[in-house]
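For clarity, chains are labelled A, B, C and D in written order, and residue numbers in each chain start from 1.
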Amino acid sequence: MTKKIKKIGVLTSGGDAPGMNAAIRSVVRTCAFHKIECVGVYRGYEGLIEGDFKILTARSVNNIIHTGGTMLKSARSKEFRTKEGRQKAYLQLKSVGIDALVLIGGDGTFTGGMIFNEEFGFPVIGIPGTIDNDIFGTNFTLGYDTALNTVVEAIDKIRDTASSHKRLFFVEVMGRDVGHIALNAGVGAGAEEILIPEEDLGLDRLLDSLRRSKQSGKSSSIVVVAEGDKIGKNVFELKDYVEENLEEYEVRVSVLGHMQRGGSPSCFDRVLASRMGVKAVESLLEGKSNYMVGILDNKIILTPLDKAVKGKTEINKELLRVSDIMTT
Amino acid sequence: MTKKIKKIGVLTSGGDAPGMNAAIRSVVRTCAFHKIECVGVYRGYEGLIEGDFKILTARSVNNIIHTGGTMLKSARSKEFRTKEGRQKAYLQLKSVGIDALVLIGGDGTFTGGMIFNEEFGFPVIGIPGTIDNDIFGTNFTLGYDTALNTVVEAIDKIRDTASSHKRLFFVEVMGRDVGHIALNAGVGAGAEEILIPEEDLGLDRLLDSLRRSKQSGKSSSIVVVAEGDKIGKNVFELKDYVEENLEEYEVRVSVLGHMQRGGSPSCFDRVLASRMGVKAVESLLEGKSNYMVGILDNKIILTPLDKAVKGKTEINKELLRVSDIMTT
Amino acid sequence: MTKKIKKIGVLTSGGDAPGMNAAIRSVVRTCAFHKIECVGVYRGYEGLIEGDFKILTARSVNNIIHTGGTMLKSARSKEFRTKEGRQKAYLQLKSVGIDALVLIGGDGTFTGGMIFNEEFGFPVIGIPGTIDNDIFGTNFTLGYDTALNTVVEAIDKIRDTASSHKRLFFVEVMGRDVGHIALNAGVGAGAEEILIPEEDLGLDRLLDSLRRSKQSGKSSSIVVVAEGDKIGKNVFELKDYVEENLEEYEVRVSVLGHMQRGGSPSCFDRVLASRMGVKAVESLLEGKSNYMVGILDNKIILTPLDKAVKGKTEINKELLRVSDIMTT
Amino acid sequence: MTKKIKKIGVLTSGGDAPGMNAAIRSVVRTCAFHKIECVGVYRGYEGLIEGDFKILTARSVNNIIHTGGTMLKSARSKEFRTKEGRQKAYLQLKSVGIDALVLIGGDGTFTGGMIFNEEFGFPVIGIPGTIDNDIFGTNFTLGYDTALNTVVEAIDKIRDTASSHKRLFFVEVMGRDVGHIALNAGVGAGAEEILIPEEDLGLDRLLDSLRRSKQSGKSSSIVVVAEGDKIGKNVFELKDYVEENLEEYEVRVSVLGHMQRGGSPSCFDRVLASRMGVKAVESLLEGKSNYMVGILDNKIILTPLDKAVKGKTEINKELLRVSDIMTT
């Protein structure tokens, strides 16, 4: 029989993402609603080991739903990867009477949580917070929708100058292993080509496509490139290659970088975070553990953490086709 | 046997919505991709009757994916509600050889399309474009996601001044018959109460809730009100009522109005529009007619137009509960 | 001989404006730079009377430069208008050793400050914070530039829907006594007419202008109206009047309201606030009192508070003419 | 005696900047107001040589005031630097009866215009359009204010992630020869250090400053670097240098790049563009030539083109000091 939960801890770990604060707020207020205590754990697993705790009341999370970043800070912890580190963390939790943890983060965060749960039988529930949308068991991760809007707004600005000068732009966006941001933001920004890790377009087809684009009367072009695209050249090498092979193009590069991780969350991310926080806390109160909260087909559901970590998200093939048609 | 389609017309009708231009672009480029002609019909059914047509090539829709409004203009047509009007429209279509129509709009647009299809056997496919998200057969209508972001950004600004002055704000948002915008934007903006047409909170509970909110230590409050909320008082009467009954509150009103319909579409709306446009054209090419394109569970699907028109969307009960918990 | 200043208080009063937080930050950090103490006075003159004080260090104002509203809150105080109220305020200041005050606000704030200075010889310096730009002695008040951007962004959205439907919109913006926001945002938004308190266009000329606008081929129109425009009808009466007299127009109204006061300050307002805060503190340290900091011709200068309060800002006649020419 | 001007040409040249479209609109409408013809010259001096002309009426410039880029396109022309090229351009102008030119651009554009005026006595007036604000004779160039807002918004996002992770960010902004963007946006974004071409902070002082910043309790830092900063290392070398010498810092780099040139112009830039366009056309009509329109102390004035080209803008020393104080 599971022990009754009276105090829940919440932490954010890994790369920060817009919506994390909205999720923290939701966890805190759901605890308050159910009249149990909530403790904020600062700096992720590092703060867990050090006992960097603070009690959070419903009023502690006023005016944060619209802010980017994470008020609990985040960090990557080497020590938590060791048995000793996790032991310390466990003792810290026991010493203040925390009965369960809500973990907001990505793959690495969840893997840490699973091991911790396995070793100490400590109840944990994960909330997927990462702009990359690369977590199995949810259609959307927190921050992904906001990042897409940040990227298309930046490319809208770049297009102003691209079309004033008849230039070709390579715009690098985040996504080392997955192309969700590149594919969706590429379609949203009206990109001529989209290079993603899941598909190897090949340099020849890229040149063909750019030639065709020019012939069809387009005077400027945007190519969106995911960090980890399959062609394997980085975005600056791509520029050089294209300039050598397509003299008619003047090429520029823009690497959007870390601004993609910040900013005020979109309404979608705020609502999603609010829903996920409720589900996380109430699942713990129902005695559940070792799950990740996700949204599938507009319903908030649970997926076992190990499936969430091992599973692979897939690129939307229909959207690849839509992208091709749009560049007609 | 259905005749082969060689020329497709596209129009926008009813209230405009962000993403309509992205949908027009998608329809035009999908036609170009399949090497059939595309004709833009200006000013909705009014322009259809008057033959206000223009051939659109793939290049005609450059640089519109990010723009609000509709390049084809919209209008409400009384004449199209008459048999004579529709007869004229049919002759205009025949005279230039248009074989099928893509209709971008809401309920009224689709009803007109169904009658037209019934009378003349003319192939039509609808794309739901309205910020209200009140169309059955799709989780999201074009423009809805953008409108939510517009509303939360406006309320974020209002909250700055509300919390500087310890005030209560009633913010009226669009939604005469449905509360989707109010509920989602209300949760997204961290509203203390949300008044929607689907639920009658009642004036007493509203006062109770505001009293509780004050006691819990909140110094300012936002109440989001859908145009058609059930309490039946308009937003200015609500203000007076609360000021009479809760002297501790200084109350202000803000009616967000038509700015909710405009603005550059969000990435979500641009991608959705691109997918819907492809599906609309390809469905016509496959010989289908009298359907609306929708997105259900992240898949682009078809719903018979009469179901789309007769069906009712429902408010998300889980989200109502989340909203309650968040105001703890 | 003036006593050496060792502790400075800062407060915000009257309507809040974007940039107030950036000004508070600047006052606090300039104090820290000069190694004197800084005390935040909460809720304006009300908090001054009640002794609602908090010591602010350089780190207390981290991460507020980009936020709207005022972290010190604002309030209107009836008690400070009485001799007794001001006496209480003076005792509060003495009791904690505050030697001088920086007052961030508008006309009313400065008038209060002058009387207080007169009665108690207490050193005060004002910083003009109001979106209305109606303070003599400065080309720009804090928040004005941000409000202009907020207004033109809102009208850009309204224009999307106006031009999709061929409608006429009356957009009411703030400005009860002065038309700076209306005139500048009207020109910035490309309005067809601009109605301001300083000029009585007259109803006949308005109708003429709208008729001409229609004849010149414009299909939609925006008229920007300051709250206090001279025609004397409110914006809803204007709508009715135009609809009665110009049947060809479908008219809509939008009252932008309090969102104009909020939002993240523009770069201009942040820089201006930083410069003004430095000047305010250093002027006090130099023994000056009873001045307002302003910006004239890109230089930060001082104006005696009584001149600032009595003087009148004037509408830019050249800009009125530019506005006329732009509507050709 | 100057010939009466009946037809004016307008072109944009050099790097594009937000507000160029608003300036084009103003030039076109001022011509219409004075009942003279206006001709758009496409692709700068290149289009001038090729006769890439189009008549622009008041209605040709509807709905462009809020758009980034330039509807007339821009290009750099090698041929215009030759006598032959300019001769061709002159003949093109004569062949269609253009009597005078408005040139929107920067230093290079004006230099070309002066030589052209000298050789052919052809009346020209310049409007300063560049985000760099590096033109003598005007406090503000078109696009500068917008670029500042774009930069601070991007840095606000980066700060979210910086402060979540306790990181140091080097953010590179435009400005090869002048530090106006870096200094103003740096102050506006609350940067800890600002590296500009006009001042050599030196690597030692940078390290000192970062060490002090850490000791003062700041957990994250932003350093804004102008492209052409005096330290002479590029931003990636700076990162390496700091990481080697300050182990306590995890450093990241963000190069904002071309998005700084695009986007919808701020209200300030739209109003400035409208005022400058009127002045440019009316100055030509008054028989003036070889001047640049500028804004000094809020008045629209003229500066001889050669002074505008030869003069140097200076960095605001007061603002440098404000910047130092703000990092306390």
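One rule holds for everything that comes next: a contact is a pair of C-beta atoms (placed from the backbone, for glycine too) under 8 Å apart; a residue touches a chain by one contact, two chains touch by 3 or more.
For clarity, every value in this text was computed on a predicted model and none was experimentally measured.
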Chain by chain, through touching neighbours only, how many steps does the shortest route from chain A to chain C take? 2
If I average the CA coordinates per chain, which chain comes out farthest from chain B? D
Let me have the rounded angstrom distance from the C-alpha centre of chain C over to the C-alpha centre of chain D, please. 28
Quick one: chain A and chain D, Cα centre-to-centre, how many Å? 36
Hey, how far is the Cα centre of chain B from the one of chain D, in Å? 39
Give me the residues of chain D that touch two or more other chains. 156, 159, 163
Make each chain a node and each touching pair an edge, then name the shape: line, ring, star, complete, other. ring
Touching pairs of chains, all of them, please. A-B, A-D, B-C, C-D
Per the touch rule above, chain A residues touching chain B in the complex are 25-26, 29-30, 32-33, 58-59, 62-63, 65-66, 139, 145, 148-149, 151-153, 156, 159, 163, 184-185, 187-190, 216-218, 264, 266-268, 270-271, 274-275, 278, 296-298, 300, 318-319, 321-322, 325-328
Chain D contact footprint on chain A (complex, rising order): 12, 15-16, 18, 67-70, 73-75, 150, 154, 156-166, 169, 219, 252-255, 257-263
